[in-house]
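Heads up, the next two complexes both have chain A, just with different partners, chain B and then chain C.
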Partner chain A sequence: MIEVQNISKRFGRKQVLKEVSFTANKGEITCLIGINGVGKTTTLKAIMNLTPINSGKIFIDQEVIQKDTYEKITFIPDANIMPTWMTIREACDFMKDYYKNWNQQRADDLMRFFKLNETDRITELSKGNTAKVNLMLGLSLDVDYVLMDEPFSGIDIFSREQIAEVVTSHLIEDRGVVITTHEINDIEHLIDKVVLLDNGVVLKEFTTEEVRLTEGKSVMDVMREVYQP
Partner chain B sequence: MNVTFNTRDPVYVQVVRYFKEQIAIGNLKAGEEIPSRRELAEMLKINPNSAQRAYKEMEEEGLIHTERNFPSRITMDENILSSVREELIAEAVDAFVQSIVAINPSIEEVVELVKKKYEARKQGETT
Partner chain C sequence: MNRYWKLVNFELYRFLKLYVSLIALTIILQFTGVVVKSLSYVHQANSDIYEHGMSRAQFIEQNGLANFMQIAGSLWFLAPIMISATVILGYIFLIWYRDWFAKNRFIYRLLMLPTSRLTIYFAKASAILLMVLGLIALEIIILPFQLSLFQLLVPADLRQDIPITAVLGFQVLAIIIPGTWMQFVLHYLAGFMLVCVLFTAILFERCYRWKGLFLAVLYCAASVMVFIAPAILAAIRIIDFYPNELVSLEIVLGLVVMGAAVWISQFLLKNKITV
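What follows is the complex of A and B.
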């Protein structure tokens, strides 16, 4: 389980996160929702310790994040991070050399699933395929937790569907997934848990099946209540 | 397998209902093997935990059985299977009665109209 406890972060005078707390379980898909600039990406980067926090604590399986815990977790940013002259194959080889928990079998499975051609150069890829390569590279690491930053933004509907599908497929196994998004429509049925953020504050945290069962509300209904009082 | 899910009922409840409908119309038969939870999640594009919860619910209701290390199967208990059909019919009639009572027509008028519409519908299906 990832436990985020009262984390706060300032950039200069701007307070981006204020006492943010939530948990994300292994084997579940947790969705951080909020319009742009509410601190979703900062939260993910804080979990990875890419952005040091001013206060608060983060635990991965009860342990404070440190060098060993990094190997349990991967962060998939919303933009390509590989040199663009590389082919997809070369990007995989690069990852294999760099990370000891690289899983080539899964990379091959994901390339097949996404219908990616390994001799294509990253620079020549469409936006949708760039996003898929990004996910393929991140998901091919043997880790327990995957943090995906805006995997659905700015790409076509069919690519979004494919990405949504991979999130619930056997290719994810029992990992814990944390997704940030401002678009819920494609994934309402796929997620276990929702954390609604606004202005660096958690407004609400709930499990989707419970809110449907006990209140008869969709995720969208709850979002409307919370964001448009 | 193609199901459209609404967003306000729990997904697992909708999955259970889908299985009951398939049993009621005879698409799923006694003892028939059903997909694993993961396979079902992939087929229906739903969260595997919802699929898991649907199977747990169906196991508790005696609709399916799972033996260790074997695929789950539809129950062989004919009583349970026929009660599923009755349950679905009763549910649909309840919903209908609830909405028609609000308009307060006579029962004869309603039954007459139901007959007419039902037959027209059936005829439409066969032609």
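What follows is the complex of A and C.
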């Protein structure tokens, strides 16, 4: 389980996160929702120890993140994080070299599914294909937890459909997923839990089933209530 | 191959094009220098002796014998060494900043590797050290060929043959290729310490941005002060050291500065780094 306990983060004078707490379980998709600048990406980076927090604690399976933890959790950011001179095959080889849990079979399957050409250089890829490569590299690790930052951002409708299909088919295999997105419609049917962030605080945390059954609302309806008063 | 060596190999590969350019530049400029300087001497000798009727003895008395030191002290020879040193110095910064500011944000991937973050630090520092040692090795390898070329171009009676050990003890070459193994180790340990201090200063800046820049300057000044304190004390005669004592003290302080740099970097990489 990923446990985020009362984390706060300040950039200069700006308080980005204030006492944010939530949990994300294995086998569930938890969605961090909020308008731009509410601290969604900062939260994911904090979980991966890519940005220091001012206070609070983060545990992954009851342990503070350390080098071996990166074999069980992966972060898929919304931008390319591999050297642009690499080909897709070289990027895979790099991952294979450093991660014991690299799954080449899955990488090949995903490359075929996304119709990616392994000899293409990363610098030549469109935004949509860059997102697909990011997804392929992240999901080809046999990890327990996957963090995804805006996987649908700036991507055409067909690529979005493909990515949503991959999220459906490859992510829910007993993994814990934390995802941030604006495009809630694409994945609303997949989400188990929602954490609504606003101005760095958790406004609301609920399961989608709960709001559907008890209040008869969709996640989008709840978002409208919160962000369009 | 463990992850450290893989990362060293990866860092060297990333620098390969620039490195090959530096090697090519060094070879081309230095050999061109040998040819240009040698032929110019021979041409002047031919002109003075055969066209102006000067005797060989008179020419030698006026111009001296040609020797390789004249070439080793020329810009043809020194410029590629200076250029290489400048490029490597710049690369100490580029090796980190590129991972943040290039078209990709590779620093994300590096920091998420399932290995100690200090491994990344040491891999980058080792890559810099290996690049420097590679260029030194190149110089040692090509020097005998340059001497042979010089001997081929300048007739024996117009040149003064100098042993290669004497050439190595000349000017910049004496600094980059010290005469004894002990000096060699000391010079390059000091160089490695400098790389570690600069890396730590870069990490200060990356962790705290503008405040970090200020901290980096303070930290560099403190490290330099600690390292050169005995030399200053000896120079202003507050304490007199025997040469052996001074060298031993510098070695100990160098190790202290390097240890501090590594310890601070480990702390920053583990707890403060921001991408």
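As a convention for this text, the second predicted complex is superposed on the first by the 226 of 229 C-alpha atoms of A that agree within 3 Å, B and C clash if a C-alpha of one lies under 4 Å from a C-alpha of the other, contacts with A are read in each partner's own complex, and residues count from 1 in each chain.
Throughout what follows, a residue touches a chain if its C-beta (ideal position, glycine included) is under 8 Å from a C-beta of that chain, and two chains touch if they have at least 3 such contacts.
In this text, all values refer to a predicted model and were calculated from it rather than measured experimentally.
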Task: Would you check which partner chain A:Met82 touches, where first means chain B only, second means chain C only, and both and neither mean what they say?
output: second
Message: Output check: A:Glu28 vs chain B and chain C. Expected answer is one of first, second, both, neither. What do you get?
response: first
- request: Please work out whether A:Val219 is in contact with chain B alone, chain C alone, both, or neither, and reply first, second, both or neither.
  value: first
Message: Quick check for you: in the superposed arrangement, does A:Arg106 touch first (chain B), second (chain C), both or neither?
response: neither
Field: Partner chain(s) touched by A:Arg10 [first = chain B, second = chain C, both, neither]
entry: neither
Message: Quick check on the superposed pair: does A:Lys96 touch chain B, chain C, both, or neither? Answer first, second, both or neither.
response: neither
Message: So in the superposed three-chain picture, is A:Lys18 touching just chain B, just chain C, both, or none of them (first/second/both/neither)?
response: neither
Task: Mind listing the chain A positions that touch chain B in their complex?
output: 27-29, 164-165, 168-170, 188-192, 208-209, 212-213, 216-221
Message: Applying the document's contact rule, which stretches of chain B touch chain A when the two form their complex?
response: 5, 7-13, 38, 41-42, 45-50, 53
Query: Which bits of chain A are touching chain C when the two form their complex?
result: 45, 48-52, 67-71, 74-75, 77, 79-84, 94, 97-100, 122-123
Field: Residues on chain C engaged by chain A in the complex (per definition of touch)
entry: 3, 6, 10, 14, 102-106, 108-109, 111-117, 207, 270-275
